[in-house]
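What follows is a group of structures, each given as structure tokens.
After this come two complexes, each holding chain A, first together with chain B and then together with chain C.
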Partner chain A sequence: MLNTLMEAFALISTWEVIIALLAASVYGLVIGSLPGLSATMATALLVPVTFYLSPIAAIATIVAASTMAIFSGDIPGALLRIPGTPASAAYADEAYAMTRKGEAELALGAGVWFSAVGGIAGTLSLMILAPPLAEVALSFSTFEYFWLAFLGLMCATLVARSSPVKAIAAMFIGLLVACVGIENPGGVPRFTFGFTDLFGGIEPIPALVGVFAVAQVMRAMLTPEPPPIPKRKFGSIMAGQWRLTKKYHLQMTRGNIIGIIIGVLPGAGADMAAWVSYAMSKRFSKEPEKFGTGHVEGLVEAGASNNASIASGWVPSLLFGIPGDTIAAIAIGVLYMKGLNPGPTLFTEKASSMYAIYLMFIIANLLMIPLGIVMIRLASHVLRAPRSSIMPVIMLCCAVGSFAIGNNMFGVVTVATFGIIGYVMEANGYPVAAMVLGVVMGTMVEQAFVTSLIKSDGSILPFFERPISAILAAFAIGAVIWPVVVWLWQRLKRKSPAVTPAG
Partner chain B sequence: MRLPDRVTGSFLVVLGAAAAYGGWLLPPVPGQPVGPNVFPLVIGSGLALCGLAITFGIGSTFEEEEEIIPIEGGAVRPPPGKLYGLRSLLPPALLLFYVAVADRLGFIITAALIVYATSAALGARWRLALPLAVMAPIGIHLIFSKLLRVPLPIGLLPMPW
Partner chain C sequence: MPKITRRAFAASSAAAAAVAAFGSRPALAQAYPARPVTVIVPWGAGGGTDATARIVAALLEKDLGQPFNVVNRTGGSGVVGHTAIASAPPDGYTIGMLTVEISMMHWQGLTELAPKSYTPLALMNEDPPGIQVSSTSPYKTVKELADAIKAAPVGKFKASGTGQGGIWHLALVGWMQAMGLPANQVAWVPSNGAAPAMQDLAAGGLDLTTCSVPEARAIIEAGKARSLAIMAPARNPVFPDVPTLKEAMAIDYSTGAWRGIAGPKGLPADVAAKLTASLKKVYDSKEYKEFMSNRGFGVVWGDAAQFATFMDKGDAQMGVAMKAAGLSKA
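Up next, the complex of A and B:
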């Protein structure tokens, strides 16, 4: 164990990793703080760059950029009431109310401090949860993998803040996208329509860049520019944070735990964690009437929650290749590219790399405190950059980045197409995250499903015979039935007064 | 681009049915009951069912209206014209433009055109858009071509490095 830890230290103490970590941190802070550019988009645009780095440095950039971006989304939320990333949307109102009361320092300081604490709590959960789960997962057969993947996909549809039917449809669209190509059980070209470019299938990364980056530029074309930030001087940012920690340690811990749980659930990421934690904080608070008037309690809990979910989202990604959230979905792509194929054996064969990931998470979260303070002080300058100067650069990065993935122009076509798909889906209430999960997990789901069917000779029974697979199946089927039950219940409840006319 | 559920639902029914049919046509692996045909069949049928449910408005009660945070002191939005919505198609169109002409014109010139168009569409004056269109492609070219060695098309305007 100690030996592995030393190896991990050796892995990350190279100049390449250190520079990558620092550069990605700054990049994450800047992108996260710009309204409309989400943490997922920041990570997706980084992928082409990671091609040219060593595996550990590549993961370092992803870890650092995503961690920083989730925090720095709080900055415009507090100063402008416009969340920089969706993960900060839950408490942007609250933080802005604090700024208006003259407590901007306290709000932003709480953002930076409790984000760091949350991130470290999430990392601890990753360190504690993953190895024992890997032991269990070693005995998994394709049946368990099938149910696990199924459960993951269903979770993604349950937590979406939209109609579950639309979420399931979005997931099916993603799975359908993953069907394209010759990488299927028969090795025949499927849905390629004679295009040789489609034989290799649709790469998940350009699809992600399209859905998260191009679609965002498309939305920017139709929305008004956010107002420039007023210049202001900040007092001490970290003052009073220790007092808050002592006063709200219960809320902080609860936020951490909720964040970890939501992070582990596939498809639900930082934004969900923040919404749930903020709501929970209000529900259990001793002074719920203060919420919405610039009360720091909800900020503490939600800030601790969204960053905790980032690290714990890596648990299912590393173990099963099932992404905990959209950022982890990108990370899985990078892991595959770098020969660190997700799976339980990763923890035995590449233990030092795993420890290196834990260490990088901890370093990134510690680094967030000084860099975050600098970023807060510079925010009024960075946020002054007009959208019309940032979006064009994003466009170029989309074009060049997607080209760089396979050095062919088809990647750029994919990005453009998925930009339109993502935009149309989002505009019509189809959650994009569910589709992304489908695209990333499609091949794996199909493989587990078809191999299981071949093993069972077409019979359904063996899917339920092994104990763990039976448990997973019960959960998965429960996840399918749950929205139906809720729907029926709602109908019954609406029917019972019987006075309201139908329709 | 907000379409009625009836339209998107019907589209999904057609897409799902087409996928299921396309999967059904695929040749099975000889000597095995399941092959590349099963998965699209399942997915396609599922998608078609979802589409049907959406068409009939099932599950719409779950939808939460997107909370729009009003911007305080923001500029009053001009009433959108009929073709205003089409502006959103500019980014993908520009990317396809890149695919079409980058090999002939080269990266720098194509990129400059894209940057200028995007910037101008987002309301930048030429005093911002023009320098940006010159600087951004050179910067991106430096990072991707020089540092990361991505073979960007040279075209008419080769860079000195």
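Up next, the complex of A and C:
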């Protein structure tokens, strides 16, 4: 073991690997922090570069760029209310509210610090627990996935600040969007109106970019400039973090664990981890009324969660070649291209390469702290820049980023359309984040439900028979019924005049 | 550091514009290729098709001395990229990688495009479907599995490997028909590709998968699944223990997912000949063979004419299978 570790150190301490790691880190940070350009895109654009690198350097670029980009997606989320990735969408409102309160450094510092902690926790789980975690992943059939995705959707109502009815309505719009295309269980084109571009459906990323970034630009054009945030020196970024770690260590640990478990399940990934953790944080918080007003607690838990899931998402990728999310799918391609074929033999015959991957994960997460601080410092200037100079740049980034996804104009049109949809929804008090969640989860809910029914010949009993499925079903049904019970109880209480109405 | 003056900048941009204008003129006198060539891939970065296209492009670049740039035109389940290849100007500066979907999508009424819409250049690869069961499955050979399927009521057995009407679905239909069974004897459970199907097989949600053996490789090596047979004329040298259907149960049925290089229809004959000759060199190279065998991908060569016949034959075979499965709109 020690020998392998030494070999792994030797593998990564070459100039090529170090330069690749550093350059990819900076690249990932920059791409992730630009509104409209996503972590998935950052990784996809690296593939041609990895072709010319040695195997370890190639993996280094993917590891570093994806780790950095997921964190730096929090930066535009906090500063401009434009989340860089669907994983940041869960708490972008919260982080932006903190910025408006003048606590931008605390919000972003929490992002960098708890992302790094989460990333390292995820890596440790990958190192120590890979085989048992893989067993967890392999015990999930479509029945379990259905309940999991259902629970994910329920988070839309839990995290929304607006009325739950409007949150559910927004989520249903998202589900409707997820119906577009032929990538549904029936393989039949739906809502494509004869356009071949619509066959592939609407990807979550262009929808996200549209409803957040483009809609934000539209709002900026129509509303007067908000009162500038009091001009002052941007305070220390890491100062309050140790205090937060001590205060919220329970939330942090819970976020890490949830992130690791969700990350291991192929198809769920960082997006769902962030949503579930944010919703759990609010549900179990001692002060849930503070959520949405610029309260750091949810940020701690969700930030710890989504980065933990990135590393643990590599478990099914490395052991079985099953990608956890779109980034892992690209990473698997690169592994194959470099002769590091996923499979258990990777852990035995090429153990030093595996350890090199672990080490790179840890280095990337440690590097994230200094590089992230520099990035935050640079990005904080946008708070002082006039809106008239920022908004056109955001539009440009959106156009370039959406074009780069599929190398065609369709992405640009999609983003523009969702900008308008997002603007109208937001103006009427419908939370757009809930819609994005619907788009992300819609395919999974439908796929899992329909294929489960095919497998059970139309019987719904197996949804409750399998043990894990039954537990998840209990959670999901409980999450639906609980608010109704509370509401009924409060109504009954209100009817008896002796009791003061509950706020 | 020299200062960039406005005049120098203007001069250099004029020069750049002139170069661009000259470069884009049809290079009549010069030998093909006189400028960089675009290689369109209808599937995403990091996938098997992308990887194959990139190794082919890199080797073409080495042979022909001009950059061959791979561009991923994704979306529409491959329709978008295939359309981009077919509608490019036929000058040899835009070629692309065709995949088996081109002989399937038009039967489903998803596109007008068919193998006839292209100038075939070379067939580079074909991967036959395998038949995989979970390691906890009672069936040790494909014969046992087939007998159990025959004895069971229609739809009792569940299989997966790709989406509804995808290549592995049609492979299953073809196999059922070759055994004289109805197309829906085994129910198809659509999935988002081979990896989720293999995961569900290991999780106990399915009876068998019909994806290719390289796609199932990692799970098989993890001891969670077994491959019982492949639907190919010969064994795969990377997986020598997996028999063909013909050896195991005397059924002569084979199909596969293939990849080839083609240009838009009406490519000049000399350009096409030069590309096919260069692709032959790529195919014969050690780098290509090593790359493909490392991934477990099958290598099959077909020159322009052979590729065209191959696609026509496959197209007709797909039509029969899709009609049987009730997937065809034609």
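Here is the rule we use: the second predicted complex is superposed on the first by the 276 of 503 C-alpha atoms of A that agree within 3 Å, B and C clash if a C-alpha of one lies under 4 Å from a C-alpha of the other, contacts with A are read in each partner's own complex, and residues count from 1 in each chain.
One rule holds for everything that comes next: contacts are C-beta pairs under 8 Å (C-beta built on N, C-alpha and C of every residue); 3 or more make two chains touch, one makes a residue touch a chain.
Keep in mind it's a predicted model, so treat the numbers as computed, not measured.
Is the number of chain A residues in contact higher for chain B or for chain C?
Partner with more touched residues of chain A: B.
Output check: A:Trp15 vs chain B and chain C. Expected answer is one of first, second, both, neither. What do you get?
neither
With the two structures laid over each other on chain A, which partner does A:Ser141 touch: chain B (first), chain C (second), both, or neither?
In the superposition, A:Ser141 touches chain C alone.
Touching A:Val412, do we find chain B (first), chain C (second), both, or neither?
It touches chain B, and chain C stays clear.
By the touch definition at the top of the document, which applies to A:Pro344: first (chain B), second (chain C), both, or neither?
A:Pro344 sits against chain C, while chain B stays out of touch.
Who does A:Leu176 touch here: chain B (first), chain C (second), both, or neither?
Only chain B is touched by A:Leu176; chain C is not.
Examine A:Glu225 and indicate which partner it touches, taking first as chain B and second as chain C; both and neither are also allowed.
A:Glu225 sits against chain B, while chain C stays out of touch.
First (chain B), second (chain C), both or neither: which does A:Gly186 touch?
both
Taking the two structures together, which residues of chain A meet both chain B and chain C?
48, 51, 185-188, 407, 450, 454, 457
Using the touch rule from the top, collect the residues of chain C that touch chain A in their complex.
Touching chain A from chain C are residues 44-48, 50-51, 54, 58, 70-77, 79-80, 83-84, 108, 110-111, 155, 158, 160, 163-166, 187-192, 195-196, 198-200, 202-206, 215, 217-219, 221-224, 291, 294-295, 327.
Which stretch or stretches of chain A touch chain B in the complex?
Residue list for chain A touching chain B: 48-49, 51-52, 81-82, 92-93, 161-166, 168-169, 172-173, 175-176, 179, 184-188, 190-191, 214, 217-222, 224-227, 386-389, 391-393, 395-401, 403-404, 407, 409, 412-413, 415-417, 419-420, 423-424, 427-430, 445-446, 449-450, 453-454, 457-458, 483, 486-487, 490.
Spell out the residues on chain A that touch chain C in their complex, using ranges where they run on.
Residues 44-45, 47-48, 51, 134, 137-143, 182-183, 185-189, 196-200, 266-267, 316, 319-323, 329-334, 336-337, 339, 341-345, 405-408, 410, 443, 447, 450-451, 454-455, 457 of chain A touch chain C in their complex.
Under the definition above, what is the set of chain B residues touching chain A in their complex?
Its residues touching chain A are 1-3, 5, 8, 12, 15-16, 19, 22-23, 26-29, 32-40, 42-44, 46-47, 50-51, 53-54, 58-64, 69, 71-75, 77, 80, 84-85, 87-96, 98-99, 102-103, 107, 111, 114-116, 118-124, 128-129, 132-133, 136-137, 140, 144, 147-152.
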